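Read through the structures below before going on.
In the two complexes that follow, chain A is the common piece, with chain B as its partner first and chain C second.
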Partner chain A sequence: MLGLDKKDTSLLIIVAILTLLAPFILNPFPAGSAMAQFNAGYPDLMQRFVIFGIFAIGFNILFGLTGYLSFGHAAFLGVGSYSAVWMFKLLSYNVIPAIALSVVVAALFSLLIGYVSLRRSGIYFSILTLAFAQMSFALAYSVLSNPKFNLTNGETGLQVYADDPQIFHRDSLPDMPHLFGLSMRSTYKLDIGAWSFDFNAGYYLCAVIMMVMFYLAIRIFRSPFGMMLRAVKSNQQRMNYTGLNPRPYTLAAFVISGMYAGLAGGLMAAMDPLAGAERMQWTASGEVVLMTILGGAGTLIGPVLGAGFIKYFENIFSKINDTILHQWFSFLPDGLEDFMVFIVHPFIGKGWHLTLGILFMLVVIFLPGGLVEGGQRLGKWIRNRGKGAAEAKTKHEPAE
Partner chain B sequence: MDAIILQILNGLDKGSAYALIALGLTLIFGTLGVVNFAHGALFMIGAFCAVTVQRLLNLSFQTVDETQKDFLGNPLKVDTPYVEAWFGPEVGATIIDWSVPLAVVFAIPIMLAVGYAMERGLIKHFYKRPHADQILVTFGLAIVLQEIIKYFFGANPIQTPEPSALKGSLDIGLMLGFDPNAIIYPIWRLVYFAFSVVIIGGVFAFLQFTTFGMVVRAGMADRETVGLLGINIDKRFTIMFGIAAGVAGLAGVMYGPLNPPNYHMGMDFLVLSFVVVVVGGMGSLPGAVAAGFLLGILESFASTTWATTTIPGINQIIIYLVAIIILLTRPRGLLGRKGVMED
Partner chain C sequence: MGILEVKNVGKRFGGLQALSDVNLSVAENTVHAIIGPNGAGKSTLLNCLVGKLIPDSGSVMFDGQSVLGRAPYEINQMGISRVFQTPEIFGDLTVLENMMIPCFARRDGAFELNALPSVGSQKDVMDQAMHMLEEMRMADKRHMHAAAMSRGDKRRLEIGMCLSQQPRLLLLDEPTAGMARADTNNTIDLLKQIKAERDITIAIIEHDMHVVFSLAERITVLAQGTPLVEDTPENIKGHPKVREAYLGESA
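Right, the complex of A and B next:
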């Protein structure tokens, strides 16, 4: 279907079903019950899942295929957000021109940065992209927000004000981002018994875009162009000797992933019409690296899994506090209960970043292939256990 | 003329910090071939060594002084630090006052131990892995170290004042024959600069004039051959990692009075120090030091009112701009050797 083989088609269909039914899947607990805090099916979080999914899919096209580790991808996300908000300010709250412009601007910006940074490879490339991203952050945060020339509105962040031109805005249209009149915040609530499900227009827009982007990523992975990118990763020198110049390919990959990031940034602004410089900071770039690695770099589904995993646990972990912990450990004797709470306390709430850092180190050390590799290993282990250990021993991995 | 000298002096303290961190980064890269994203965290740990020493020295016990009354009429409670009780009030007060320089003594063994533990515990396992993995694992480590410090010391900057004898400023302009008040320069910045010169000189002398340093230099040039000669080069490289951590830590200890330490100070410096290393030339120790001072001074020139009114915010991006220009025109860096990370 759509030029995909059977395996990829089923993968795409699974992803499509999961994203479309996400409001049900992510809300397994009845509203108001004690477990309701583990529900993730509210619009804001679901939007973040798919938006960061798009961001990570794009990052994976660069890092997973070519092996170039960019530490500055958040810059493209930020640029996308800024251009989307500018479209809101100048034209109207319609999201289509905003998203279109954010992709175009991110593409131009990544072409510029990619052209310079891709002159070097390896560590140099990582450092260069990091430097560029920090420079963009400094530009957005202070340089481009002076009274003479205010492009980014500095610390406050760029937002739409009442005296902005908005030349296509009509009174009949909603006063927030919309798609031809359908507000991004309009939510249909479905109550079934004790359960309550939210169907949000913005989420479904993002979800449809993510499916299209996922499909594009599959096509890129399976195309001759994708093979070229893999060749860059496996042995660039041999590629050079064959008479091929790898730079156009890597630059194309860089720009494509920059466009994905810009799209994610545009969608972010479309869900909440505000753009701040902190989106471009290098910690944000680190986060997308984290998502991709955690899910499994170079795999199709990995980045999406990683993005969902990190955003979900970020949300849950930062919500848990000592009172909830005391409830959990209440079956233990008093002294032990306090001790357990004391042990777990640094890792929850504001300490979520500590958990994230440790998790990240553990994944890089023990599971470089991420969650996908973990799943494969687990699957293999279960299969081997069924077949018996003797058979497993005769199997050998092919040498590198 | 005096304005130029003033800007050069102003750039020296930041330049010193860049140079020290970049020196450590280059040492680690040159010996072990690892890019250490956790190096900024080491700088920060050093700064928090000073905070810890300050807190330890200020540990005190409370006594009730019946002869004095506070404003509510209750007997006054007096806090006496233990050091004042042990060494007498005057000596004790001086010790507390000099807590930052004293922290240097305290920080050296701690930083060596932290560096040694880091290399043996984590980085050792990553020599055979791709550079991307090394970057990622040290990046994760940096987050962890940063969050641990944040957990114990909080998110706000902590004041670590310099000794009162070294507070205030010198009128350097008067010494050089300019008008009074032309060049006013805080004493602690001069101390910091002198300190960094001593440390940098010490590291270079250690590498140049000791047998140990000679072996390390030989190992940097050709690790395999040195190993074949029956020298345990890994052990020496581990010690060099400890020394690099020590350099970063000491830079952090002394930097406290210039800028109150907070948990993310390391990361702020790390990005710039990477740029410094790239500009200086990856793997070149003199290049790292020279580029550190150069970029520090450049940044201070870009912060003058004249520069910031001509191009607003130029001081924030000048370093990156210079780095980009250098990389485009001379990709090897200022003093980079041929063949190091050239592919």
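Right, the complex of A and C next:
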């Protein structure tokens, strides 16, 4: 179907079902129950899942296929966001021109940075991209924000003000990002018994775009171009002596992944019309690297899983506080309860990065292929267990 | 006038004069061997031919065109393919994919953004690659990871990859280095067969005299960065200067 083989088609269908039914899948616990804090099916978080999914899918085209590790992709995300907000300020709150411009500007920006950075490979390439991203951050944070020429609005972040031109804005249109009148914030709430499910217009826009981008990524992975990118990773020397110039291949991959990042940035602004410089900081670039490696670099579904995994932990773990911990451990004797809370405390709330760090370490050590490898091993283990209990024992996997 | 003309080539690395005043003419459709003791400058000369090194002086002409200053991929597109001392293949890719890449390079040139059709839909390239794999007698291994193959198979694959570009000049850098006798003989047979079946010029750098005398029609002896003598294998065998330089015997 759609020019894909059977395996890829079923993968695409699974992803489509999961994203379309996400409001149900992510809200398994009844609202108001003690477990409701583990529900992730609210619009803000679901939007972030798919937006960072797009970001990671694009990053994986560069890193997973060519092995070039960019530490500056957040710069393209940020540039995308700024472009989108400028479209809101100048034209109207319609998201289509905003998203289109964010992709175009990110493409030009990544062409420039890629052209310079790709003169080197390996660690030098990573450092160059990091340097460019930090320069972009500095530009956005202070240099391009002065009274004479205010492109980024510095520390405050770029936002839409009442006196902005917005030449196509009409009073009948919503006063927030919309798709031809359909507000991105409009949410339909479905209550079934104790459960409550949110269907948000912005989420579905992002979800559809992510599915299209995922489909495009599959096509790229399976194309001759994708094969050339894997050849770059495998042996550049042989490529050179086979009459192929690796430079334009890597540059094309860099620009494509930059466009994915710009698209993600544009969508972020479309969900919440605000762009700040912190979006371009090196931690943001590092995050997408973590997502890709955690999920499984070079695999199709890995980056999406990694993005979902990290965003889930960021939002859920960081919300747990000591009061909640005391509730959980209340069945223990007083002294022991306090002790347990003391032990767990550094890993929750603001300390969730510690949890993420440990998880990342475990995955890299025990599952170098990321969550995808974990899934494959689990599948194999289950199949082997079916064959015989004795055989399963010898194939015990440490990470499971 | 040979297909490859090297004139007065010199190359210096710091204090070491690696090549000085090298003249070499490789005639079309012959097998030309370049031999010499370690450090004679054989590999430096080869690197100057394929664009990895740029000589300090002199000229290198391939089929009437200068190769100097061109990138390795451009020189390859002119019709020169190179086989390395340790097989350089795409280890992470399958054998079939390895063979398809040079076929793509031949069809599409140095760069082509062919990002939407699937690899499987490129029937012409697929057929060419399968054909060459059959000729190399490794079609049954096409789904193997190239890195998992034996040294001899990797060498066959690399030679096959070079041939699938239909080069006019094939450069071989010690193709049998580190091989067992049986593998060496297989490689000799393969090269003989290649030569018999197509119009191709082969230049070979080799240490193993058995290989050289089985294949070469002309031999150039290089010593201390300069060609000592160039002649037919029969004459080289008994040449006193060669014995002196190469075997360390006093004439």
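Annotations
Everything below uses one rule, namely that the second predicted complex is superposed on the first by the 384 of 400 C-alpha atoms of A that agree within 3 Å, B and C clash if a C-alpha of one lies under 4 Å from a C-alpha of the other, contacts with A are read in each partner's own complex, and residues count from 1 in each chain.
Going forward, a residue touches a chain if its C-beta (ideal position, glycine included) is under 8 Å from a C-beta of that chain, and two chains touch if they have at least 3 such contacts.
Because the structure is predicted, anything quoted here is derived from the model rather than measured.
Within the superposed three-chain model, A:M228 lies in touch with chain C and out of touch with chain B [touch as defined at top].
In the overlay built on the shared chain, the residue A:S142 is in contact with chain B alone; chain C does not reach it. When the two complexes are overlaid on their common chain A, residue A:G3 makes contact with chain C while staying clear of chain B. In the superposition on chain A, contact of A:F331 is made with neither chain B nor chain C. Contact with both chain B and chain C is seen for A:Q237 once the two complexes are overlaid on the shared chain.
In the superposition on chain A, no contact is made by A:F180 with either chain B or chain C. Of the two partner chains, chain B is the only one that A:Q134 touches; chain C does not reach it. Judged by the touch definition given at the top, the superposed model places A:Y161 against neither chain B nor chain C. Which of chain B and chain C touches more residues of chain A is settled by the count: it is B.
Shared interface residues of chain A (contacting chain B in one complex, chain C in the other): 237. Interface of chain C with chain A (complex): residues 50, 71-73, 76-77, 81-82, 84, 88-93, 97, 100-102, 104-106, 108-122, 125, 161, 165. Touching chain B in their complex are the following residues of chain A: 63, 67, 69, 71, 116, 119-124, 126-128, 130-132, 134-135, 138-139, 141-144, 146, 148-149, 236-237, 282, 286, 289, 293, 346, 351, 353-354, 356-358, 360-361, 364-365, 368. Only residues 3-5, 219-220, 222-228, 230-231, 233-235, 237-245, 248-249, 252, 256 of chain A touch chain C when the two sit together in their complex.
For chain B in complex with chain A, the residues that touch the partner chain are 35, 122, 125, 129-133, 135-137, 139-144, 146-148, 151, 267, 271, 274-275, 277-278, 282, 312-314, 316-317, 320-321, 323-324, 327-328, 331, 341, 343.
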